[in-house]
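First chain A sits with chain B, and in the next complex the same chain sits with chain C.
Showing the complex of A and B:
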């Protein structure tokens, strides 16, 4: 059974690899961007799910950690010639001028920077519970954004950074997604995963069992922020421009949507949620473009996309609170039981 | 700083703080009763401003009629939000209602973009509100600067009277202590909650109207920051407490205006002050200035 499952997993990864190879040769740039976005949103969804779904900490600060990651990575890979040209309002800080690393190193540093910021924030904030935690993390994420707007010598202020080399390709984003998936699955199967669930389901009981709940929550939060930073960095390298407006609270809302649609606390759910939400958000763009019915033209309605999006979010939370997967997970054994094969 | 400048800043801060307080009251009442951060509250405020803008400037109705229309419109929206998005989730985990609230807020903002377009619009202020009156040799103020705090305080007074001197007010306070026991006492809980939303929305609409007059501009996302800051004011004053919300609002108004008045080069960080204040109060005294201690029940 175990060997069968390993072979199947290997085959699934191989199939994904084949699909990516086929896609990178045959699909146009718009499609490729969506497929890339699915992976990046899945990484971000997984990291938010670790904080919120697995550890039960309602955090609304993910956009801020993404911003940290995106800026760190971009500042490390933009060349110094570009930097000179870009900082118009104020000259760039001299120590930043010649900092340069490869893309992969910048990704890791982006994750570490976001994790460090998250760790610093978590120490005071995680003493709070429930929705106070949500508001406090939201506050920190706004503070990060305001700092980015104002620290012009480092971040180029509200102009943002342009011309980031488009390093994110399918192999990069799906490679990162596989690493994140592998890590999450191992983590949740480990004893730490059990501890996390215990803290989420009943913190007082967990504390009675001798678990240092604060330390566990800080660790989970920091790990989640690492994911947020890497996701933000990948996003910046995909879109090639970043500015502070990208990392407003709406960014956190779409991630929240992914996690809630997929199912809080389900790894499989976050992946499915990302596929659904990302494709839906792209597909909904049609309502904002003019539509032609033969000779009749219906003008596009700006803002309609987000109206539909928010109605769906409300409908899901009212009618199917547990999302697609609930807290269940996909496994090969479950797959064969459902399919009625190999009993 | 000259005396004139100081007086101007003082009344600016008083007005801004009173408006924050007026919005904060809506947050604090709903949170006191339902333990729900009503994220949509800032957007009700925005709708109030838009309704009065359309009534008076597009349709040329007199201001008095416009104000009534705005209050009624915002109250109806507030009641609908409660009925459609929050009431089905009363028995659900609190986080679900919170996500629903985020969804509603997002919905109202984007609906405003669809209906009113995303373009900011200028509000034409009536002349008598903005023509300066000489107070002394060097100090002159516009009537609006005095009217905004005065009206706000009068409204809070009226609200305190409703909450502490009338029967529905008694029911509200009772629900915030124990919802189940209140239900057993024969109080129609859902109706009282609806009343809470109606009162909060009406006050938010009035705040929106005064905001639109004071900072003469309306746009679909104008409610987000005042909303967050008002919620922070509510937390600062002690969530559930109406006087606390007002004190929190005034504190925030003075911190924002005075810090920029004294340190003009900090103006880029204006929006950060509120969040820093929030985090400080949460760490030092999580229940806020006037809040009650809440024990965790096992």
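Showing the complex of A and C:
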């Protein structure tokens, strides 16, 4: 059974590899962008799910940690020639001028920087619970954004950074996703995963069982922020330009959609949610174009897809609040026992 | 009621595992516990009783670190407990159950017990994430799992190990809560109304169960209970609280005969006078 499952997992990864190889040769850039975005959004969704779904902390600050990651990575891989040309409002800070690392190192540093910022913020903020925590993290994420706008010598202010080398390709984004998935599954399967869920479900009982709930929550939050930073960095390297406007509450909101649609507390759910939300957001673009129904002509309304999306989200919350997966997970055993419920 | 043989063994109050010294707890103007002193002998089963709102659960919350007493200290095994956070209290060797059961309802029975065992787990969280590198941590986790299954078997819950805990019947949930507390490897167990919601036969079984726990797991047990049959049947020593103050203490026989206790429970003139008055008013 165990061997069978390992073989199946290996085959699934191989199939994914084959698909990526095929896609990179045959699909146009628009499609590739979407497939890349699915992986990045899945990483971001997983990291937010760790904070919100697994550890039960309602955080609205993910865009802020993405911003930290995206900027740190971009600043580390843009060459000094580019930097000289880009900073036109104010000169760049001298120490930043010649800072340069490889992409992979910049990814890790981006994650660490976001995790550090998240850790700092979590110390005061995680004493709050529920909605208050949401408001406070939202506030901090805005503070991060405003800091980026105003720290012109470091971040080039509201002009943002352009010409970031497009290091994010399918192999990079899906490689990162697999690594994230691997560690996430190991984490949630370990006894510490049980402890995380315990802290979420009943904090008082968890404390009575000798669990330092504050420490556990800080840890989960910091880990989630690490994922947010890496995801932000991948995003920056995919789109090749970043500016503070990218990291507003709407960014957090779409991640929240992924997590809620997929199922709070489900790793599988975050992957499915990312596939669904990312493709739907693109596919629904057609409603923003003018539509002809025979003689009736509907003019294109920009932003219409967000309206439709909100309606879909409301429908999910009314009819299937737990999302697609609830807290269940995909497993091969479940797959072969169709109809049974895997946990 | 026949006093069990257990009750005849003498209690050694000089060898106290838990000592509450002059503890007072005030919430603003309300004194929830006033100048309470208790010495719980090692290896005993003792009870804390009193009418509703007497402050029994508050005493538990003071001992387990959820409330900091306004005055006085709590000592456990000679070390000061007062001021410690609840999770540190658990680390020191005190475990408790709750009046209204508080299981982790989304987890399985086994996971509930493993969560209890986490407090004694030495391997760091990240050692179990990285594969192959930390065989010690991986083995420890396996050991925790088998020890938890073993514990469940001893409490007769092993057949439901993979069931989600919310699906258990009420009595089994109570036992699971105790199993989870035992998984923290305590020296001292506080049971908050273990017989609540049980029928007479179940509470009779509970008497045996509590004694078995004490003997098999080498525990000292303090319980809050309203079911007098349970209290008188299992406790070797009893403290009676009323409105936060200790009004009596002693063996079950002493408590049963104490006029102050009868007064606290039934009122000054006793039940008969009160009842006839009510009848006259009706």
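The rule is simple: the second predicted complex is superposed on the first by the 328 of 343 C-alpha atoms of A that agree within 3 Å, B and C clash if a C-alpha of one lies under 4 Å from a C-alpha of the other, contacts with A are read in each partner's own complex, and residues count from 1 in each chain.
Definition applied: contacts are C-beta pairs under 8 Å (C-beta built on N, C-alpha and C of every residue); 3 or more make two chains touch, one makes a residue touch a chain.
Owing to the predicted nature of the structure, the values given are computational and were not obtained by experimental measurement.
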*Will chain C clash with chain B on chain A after the two structures are superposed, or do they fit?*
fit
*State whether A:256 touches chain B only (first), chain C only (second), both chains, or neither.*
first
_Tell me the contact category for A:135 with respect to chain B and chain C: first, second, both or neither._
first
*Which of chain B and chain C A:321 touches, first, second, both or neither*: first
*Which partner does A:204 contact after superposing on A: first (chain B), second (chain C), both, neither?*
both
*Does chain B (first) or chain C (second) touch A:219, or do both, or does neither?*
second
*asked:* Output check: A:150 vs chain B and chain C. Expected answer is one of first, second, both, neither. What do you get?
replied: first
*Once the shared chain is lined up, is A:194 touching chain B (first), chain C (second), both, or neither of them?*
second
*Of chain B and chain C, which one touches more residues of chain A?*
B
*Angle at the Cα centre of chain A, taken between the Cα centres of chain B and chain C once the superposition is applied, in steps of 10 degrees*: 80
_Minimum Cα separation, chain C to chain B, after superposition on A (Å)_ = 8
*Once the complexes are superposed, what residues of chain A are shared between the chain B interface and the chain C interface?*
204
*chain A residues within the chain B interface of the complex*: 58, 124-125, 127-128, 130-132, 134-136, 138-140, 142-143, 146-147, 149-150, 204, 249-250, 253, 256, 260, 301-304, 306-307, 309-311, 313-314, 317-318, 321
*chain A partner contacts - residues on chain B that touch it in the complex*: 35, 37, 84-85, 88-89, 92, 94-96, 98-100, 102-104, 106-107, 109-111, 113-114, 117-118, 220, 224, 228, 231-232, 235, 268-269, 271-272, 274-276, 278-279, 282-283, 286, 296, 298
_Using the touch definition from the top, list the residues of chain C that touch chain A in their complex._
64, 66, 85-87, 90-91, 95-96, 98, 102-108, 111, 114-119, 121, 125, 128-131, 141, 144, 180-181, 184
*Over in the complex, which chain A residues touch chain C? Could you list them?*
183, 186-187, 190-192, 194-195, 197-198, 201-202, 204-213, 219, 327, 343
